[in-house]
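Look for chain A in each of the two complexes below; its partner is chain B in the first and chain C in the second.
Right, the complex of A and B next:
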């Protein structure tokens, strides 16, 4: 191609100007240097394999790019929950380097299954900054799970726990609710969650998580769903596995399955903002038996 | 391979040298292909809302493939009424000082050129302009008034600072507890899967979809499917927004205010238009989600304007409505990092609209409906969340002119644009993009749509007019 002097001047001046502007842009660039513990972690969701980094074949570095796109602002490039936005968030983002997760189907102290992490990403966490990522494809979410697992050496050393067995839910009866109410009192759930389930028990203001950050107990009266699910099975699972990293322990060793279901039925009566069948049954019984219920937490009061 | 070799990837970031080289290499390519030059400064209407990033702490890339274009998550967020659904969406949860406002503008250098222009000295002059410049400005407020009540208010200016309301609406979300029932009321963008308000092109020629605004020669219809309209919309979606629908009832003013049309003319009536869309997304494993959207717009425009005051037509008193429609499909297809946006539209304007004839007058020989087809294929390649390459090829073809004596090709358009956007700064507070784009349009016998009104049609109706734009600038949004 023959360049005329005019064309050459266009080219040269354009080159100079754009080079200058491009250089400014380059020097202004913000990079996220994502540094996982390992780059070999994978996940398996219903037969779909998720990868944090490329498999050297068709797929590029998927999980890490998705993490960079969606997660790095809160969870940080090291996955330690110290992203640029973390200081403004309450509760704080999860620290993936310690591999401690609240929502699991596995016993307390164990790693969650890939499905547990998939459910968490899909569901999001109510009353936190973690949204539901259901709009992402299953493959994307599987890749992100592999990325989450890449930040902690624990995933290389330990295997996920065995999911607990949830027996079928027994029929709802007023006797079950009343037994659950007694257990709520006996197990001192009210000390954190409050006698009415408002999250205002006497210990509520002193609670912190494993990182020392203040943490609020769940307020049953306003919540439309729980942090780790919305069904009765989810509720059963929460107090049988505990929420690791928080003051909410596992009651698997002190509560039998039937007692756990009783507790589930009673806790549903605390959700006064919802029209649950448990609440309707309980209110009907209370109206027919005035003054027969002993206030929760009364004996322990000074 | 050449581009890849220019990049020095380490720890998922690009080295300064690699980034610099890719800037320069692409710019040189653009310069070398700048064979046809253009001339006007567009008013950009593309949108992104860092106010949401600040509210939720998410980076731009969480909701945008490359801002302002929405990704899967951003579409779902918008469909839910600017809510994440984690019971923290209502403003009562925000710091009282939080103000959901964002400002966007683009300082730039651009070069515009159009040939076949009638000037004082020639009838086929090539007019070329270039220099540093500003775009218009958006000052957008959007969010939730309360749980399940969302809003948007967008005063937007042209480059001189003259403001208009690009959109203003209130939306009642999740009526009766159902995500399938959401009611929007006000002035808003039509539910187009390919949004001209959120696309990635900025130049005078490339910064609009020709198909969204094209009107044949002699046609008095003012409708553009890319114009924001005024009315109500009933819409719904499933949990991940893969399946969606929208039904809109709109005043036949093309989004004008004060009962005037969008051009500020009084020639309006009291009729209403309808717009129907249905969107379905199909997850396809590694490739991503493939979305398709058939659409149908049916409208009327008045042709008789008898009621006047002092000779001026009284707005919204026009009668003699004549119909038109637009039908077609849009798509948003992914092949991993490669995105394909196909669009096709069939258009038909009634003979009275096509020829500007009042409905109470007889049609003369040679007059007929104006019919045309058009479409485009736009592709994006997302090298990373911070670098995207763009190109688009678009055509408009007249199928039947309003007058049989009009040359069959008059109005035909061919347009091509390409460029890239690089986001050196993308975090949860603001965004900055380095934008470089080249666009060229051939339109036969008409003023290029990119013109600001000062352009002129060529001296003969079969003469092609070439118009081109070269732009580079900093697109920032805070």
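Right, the complex of A and C next:
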């Protein structure tokens, strides 16, 4: 009689311990208690105001609720890129607490505009785990941008930079492409991107981003969309503002606007798997002038 | 005889009080000095030769190769490249307008650690025939990344918050330097003898801090009177590996 009760009590307490442990592991892993730096940040997208918290009217706390539904899994409840999915993906999700963003229309070292952030989440980042959020409404995305800004104190102290001026694109000529090619050689872009833009330059294998994770330079030959867009204007903007947080610097101080457009025209010829007018023009010229092109990355005057 | 001295003293007093009354923007000058030596105890890591074979133009300039610089020791047990500065007790003043200079030569940063004041102009020169990119990686100041191909003008910039900022070149991964942005004009960086000297201090109570890039900061409090020279030494416990 005694034995049975003792045994039963052991089983019962054992069951309680297991249930307790199960509950703890079940709930402890997923902490969606989102903790931004501030709850009063707003965004302005095409005249629409986005809010993370509060609205007073019909959309209370929409920004944070959207974030909890769509973003927290990767970007984490503290917005520092350490969501529960982060350890499984590469490149790692953006850390919003440092307020450093790759895709901006503003100079290196400055904050992006709300429109830049909006464009980024609308486009997504091809070749990463960040999808396009175009399916959400403009208001929803505006609210999410307000949420993104809520994680860093920098948005309260600094203003976004002044967007750079992109002059209209000049006519595409073979001279422009060849000048761009010379500049690609002189500026030594090939050190990282490789002489043919395959992302295999001598310095490519040692590149790391700000967090110390290995990062690859863009491989033009794949023809995939650039990190920050697909048009010639986007390409211009990429190297004239730099991709902050990565090894890609800004060339705004050392490249003049017309030289920049020459570079854009040349860089398109490196995307050998795309059908672009630049590539067609370049190929035609190369066929008509065999052996005239000096290989890139050869001359380094001591 | 006495009269002459009295006249001279009166003149001196008049001049110095006029100087003060006219509202000189300079910080109050002092005559006290805090001096000392930074040394290490334990076995330091061996600095390794840098392989610059990926940049032959620079590799040529270093024969024998330069060594890594994260823990540089000097004579006997001296520790080099330690920034020693007044971290408390110093009355701040306007930032100096004279720029400090940071050079890139032979794919190395010169100096390895550059100290400057908050808002002091900083000029970054490249003297190499190869492209560099300047990539400071601050956590408090704003991060930026700029290209400096051969023949480009110096980058003019400044930092508006005190911080020890690592700076690197992504193209040449062995290049490591530091900007020590400080709120005080009383600072020194130790050389081969590990010695430092903080001059021109008004009398008062100060906190002297020594910072080394791998081993962090150490502080000591010092009270000093006018014209006094006090010695403060720092000893960093080192470990035989780099991190």
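The rule is simple: the second predicted complex is superposed on the first by the 267 of 302 C-alpha atoms of A that agree within 3 Å, B and C clash if a C-alpha of one lies under 4 Å from a C-alpha of the other, contacts with A are read in each partner's own complex, and residues count from 1 in each chain.
The criterion applied here is as follows: a residue touches a chain if its C-beta (ideal position, glycine included) is under 8 Å from a C-beta of that chain, and two chains touch if they have at least 3 such contacts.
The structure displayed is predicted, hence computed values, not measured ones.
**Student:** Applying the document's definition of touch, where does A:34 land relative to chain B and chain C: first, second, both, or neither?
**Tutor:** Only chain B; A:34 stays clear of chain C.
**Student:** Counting only touches as set out at the top, which of chain B and chain C does A:129 meet: first, second, both, neither?
**Tutor:** So A:129 only meets chain B here.
**Student:** Regarding the shared-chain residue A:64, is it in contact with chain B (first), chain C (second), both, or neither?
**Tutor:** After superposition on chain A, A:64 lies in contact with chain B alone.
**Student:** Using the touch definition from the top, say if A:101 reaches chain B (first), chain C (second), both or neither.
**Tutor:** Neither partner.
**Student:** Using the touch definition from the top, say if A:89 reaches chain B (first), chain C (second), both or neither.
**Tutor:** Only chain B is touched by A:89; chain C is not.
**Student:** Per the contact definition in the header, classify A:220: touching chain B only (first), chain C only (second), both, or neither.
**Tutor:** Neither partner.
**Student:** Who touches more of chain A, chain B or chain C?
**Tutor:** B
**Student:** Would you pull the chain A residues touching chain C in the complex into a rising list?
**Tutor:** Result: residues 98, 100, 108-110, 154, 158, 186-188, 191-192, 202-203, 206-208, 210, 242, 244-254, 300-302 of chain A touch chain C.
**Student:** Inside the complex, what are the residues of chain C that reach chain A?
**Tutor:** Going through chain C, the ones touching chain A are 54-57, 60, 129-131, 133-135, 137, 139, 142-150, 152-153, 155, 170-173.
**Student:** Residues of chain B touching chain A in their complex?
**Tutor:** 11-14, 16, 19-20, 23-24, 27-28, 31-32, 34, 56-59, 61-62, 72-73, 75-77, 84-88, 109, 239-241, 283, 285-286, 288-289, 336-337, 384-386, 422, 424-428, 432, 434, 436, 472, 474
**Student:** In their shared complex, at which residues does chain A touch chain B?
**Tutor:** Residue positions touching the partner: 10-11, 14-15, 17-19, 21-23, 25-35, 48, 58-61, 64-65, 68-70, 72-74, 84-85, 88-89, 124-139, 223-224.
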